[in-house]
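Multiple structures are listed underneath, in structure tokens.
One chain, chain A, appears in both complexes that follow, with chain B as partner in the first and chain C in the second.
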Partner chain A sequence: MSAVVKTVTPFTQRDLLLEALDELGVVYQEKGNAIMTERVDDYGAQRFIYEQGAYRFQHDSSPWRKLNFNKWKTVSAFLGAVEKVYHQAYERLQQRLAAEERRRLEEERKRFVEQQKQAVIQRAKEQGYNIKEIRKGNKIQLQLVRTTY
Partner chain B sequence: MSQPFNIAHIETSSFIYGPGERFVIWVQGCTLGCRGCWNKTMLSKRPKQLIAREKLLQQILDIDSIQGITLLGGEPLQQLSNVFWLLQQVKSVDLDTMVFTGYEWQEIINDEKAKILPFTDILVSGRYVANLRNINLQWRGSSNQQIHFPTAQYDASLIKEGNYVEVHFEADGRMRILGFPEIEEIRFFEKIGFIEYPSGNSFNNQKIS
Partner chain C sequence: MPEQRITVTIDEKGQIMAKTAGFQGEACLDELQSLLEDLGTIHEVKKTDAYYQQNAIKVTKKQTVGRT
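Coming up: the complex of A and B.
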């Protein structure tokens, strides 16, 4: 048995995230570095919080304890919907931008991915893994192997 | 016209599910009901991605760099007709084949399922047993599971026991974590990533599919 764990696109651009939420009709309120949504679970309003270069979705980890979710019954479904519209907004933004600004945006994204990769490598080293990096076009694979016998 | 494959997930390039670089296919649907299964989102037999077997074969053949294919899931042997066909086709072009199944060896060899064996170079068999969980066994999640080499292509010298995890980064920052990570590792990815949370999986905070 083997796991397949998927993460959603990091929401690095606040304006695009808000645009996506608007487009989906999600009611929200901005409070400091947080975007509080109308979705409420046992721990209060589910929210996007800006941390280390991107917005992370904070919520009760028991998705079945939904309280007021009329649409997108699970967090997965909700984030999936936000991700899709965010992608579209990102594409539209790229088309609007001048070449130089577009490059800056892409560089910012690359830096974020690199930062994530370094965090994974650091953690893997601490856990005693041997690490091999393989690049395939603009994708990166890290193989983490810890031989035991 | 054959029924299409019901597919949960595909990785066109991975190095931890068998020898060398491989095209890896997680099929959708399994009725074996192993307690503690990590891939609960792959249990339903409802269609997820329906792909004609010829199209899937073409996707495989389009990738020059792979050494073989690996099938897991879900339960590959519950899509026996398509799996048998695909294994035959792949072997005919000198790619090697590996299958992960929850069926026990005895359930395979005394059944129609045995027809895949001449076309399966490596077979990992047996139910996942949560209280025998051991993530330090290459290609197995619990210590009761067994590795077989039905053809002459490989033998047990291939096995290098250990913990194998692969992390894929897309250009836009999405990540996929494959293999046999510790729960703590998944928690770590949750911190740096944005893991989806469907209901009904074995862990509280991530999508294991």
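Coming up: the complex of A and C.
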């Protein structure tokens, strides 16, 4: 079997994430490093948690549980909506910022991408893969190959 | 010797897309989960044509056995 998975764009900027949630009309509350949303599943409020440089969405992935969602019935639809508005807010921020601040944001973004890459490489090595890195424009492609016996 | 292959693409914002080939059954999803755990929120999973073709072959074989 083969499969393709995609992660949501990492939400690295807290202010932009909150701006996106406000724009979408999502009610939320900040608690420590978490942004608790009004979306509730059997494990409580679905939340964004800040870890390793980005906010990750924590939720119960079981699709059959009773949920309180009126809008965006699935997590995928919700994250898709947040991602879209977050991108727009990011673009607006870039336009507002002075050149030096833009460079700082750009450096932060590059560091995050590098951190993602190193984490994948490290895990792939531990799992016995041979790794080949290819640059494709702004994207990094890692080809992981393992021979089975 | 059979090969297991995963192609991981990281875009300029750190978003990850990963595609597998050469895995048996659902093992590819387990493998991707262990590889990408904590690196992002997975919001899209697609089983590729290879998966459906493989299943179609199994169904065809079952039907053939049933007729004979």
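As a working rule, the second predicted complex is superposed on the first by the 144 of 149 C-alpha atoms of A that agree within 3 Å, B and C clash if a C-alpha of one lies under 4 Å from a C-alpha of the other, contacts with A are read in each partner's own complex, and residues count from 1 in each chain.
By our rule, a residue touches a chain if its C-beta (ideal position, glycine included) is under 8 Å from a C-beta of that chain, and two chains touch if they have at least 3 such contacts.
All of these numbers come straight from a predicted model, not from anything done at the bench.
**Student:** Both complexes share chain A, so when I overlay them there, do chain B and chain C fit or clash?
**Tutor:** Clash: chain B and chain C overlap once superposed on chain A.
**Student:** Would you sort A:54 into first (chain B), second (chain C), both or neither based on which partner it touches?
**Tutor:** The answer is both, since A:54 touches chain B and chain C.
**Student:** Just checking: does A:4 make contact with chain B only, chain C only, both, or neither of them? Give me first, second, both or neither.
**Tutor:** A:4 sits against chain B and chain C alike.
**Student:** For A:96, select first, second, both or neither according to whether it touches chain B, chain C, the two together, or no partner.
**Tutor:** Once the two structures are laid over each other on A, A:96 reaches no partner at all.
**Student:** Could you tell me which of 9-17, 63-71 or 171-179 in chain B overlaps chain C after superposing the two complexes on chain A?
**Tutor:** 171-179
**Student:** Same chain A residues contacting chain B and chain C, which ones?
**Tutor:** On chain A, the residues that contact chain B in one structure and chain C in the other are 1-10, 12, 52, 54, 56-57, 75-76, 79-80, 109, 112-113, 116-117, 119-120, 123-124, 127, 129, 136, 138-149.
**Student:** Residue numbers of chain A touching chain C in their complex, please.
**Tutor:** Residues 1-10, 12, 51-52, 54, 56-57, 75-76, 79-80, 109, 112-113, 116-117, 119-120, 123-124, 127, 129, 136, 138-149.
**Student:** If you look only at chain B, which of its residues touch chain A in the complex?
**Tutor:** 8-9, 13-17, 26, 34, 37-39, 72, 100, 128, 136, 140-142, 160-182, 185-186, 188-189, 192-200, 204-209
**Student:** Under the stated contact criterion, what part of chain A meets chain B in this complex?
**Tutor:** 1-12, 52, 54, 56-57, 59, 61-64, 74-77, 79-80, 87, 109-110, 112-113, 116-117, 119-120, 123-124, 127, 129, 134, 136, 138-149
**Student:** Can you check the complex and tell me which residues of chain C touch chain A?
**Tutor:** The contact residues of chain C facing chain A are 1-29, 31-32, 34-36, 38-48, 50-51, 54.
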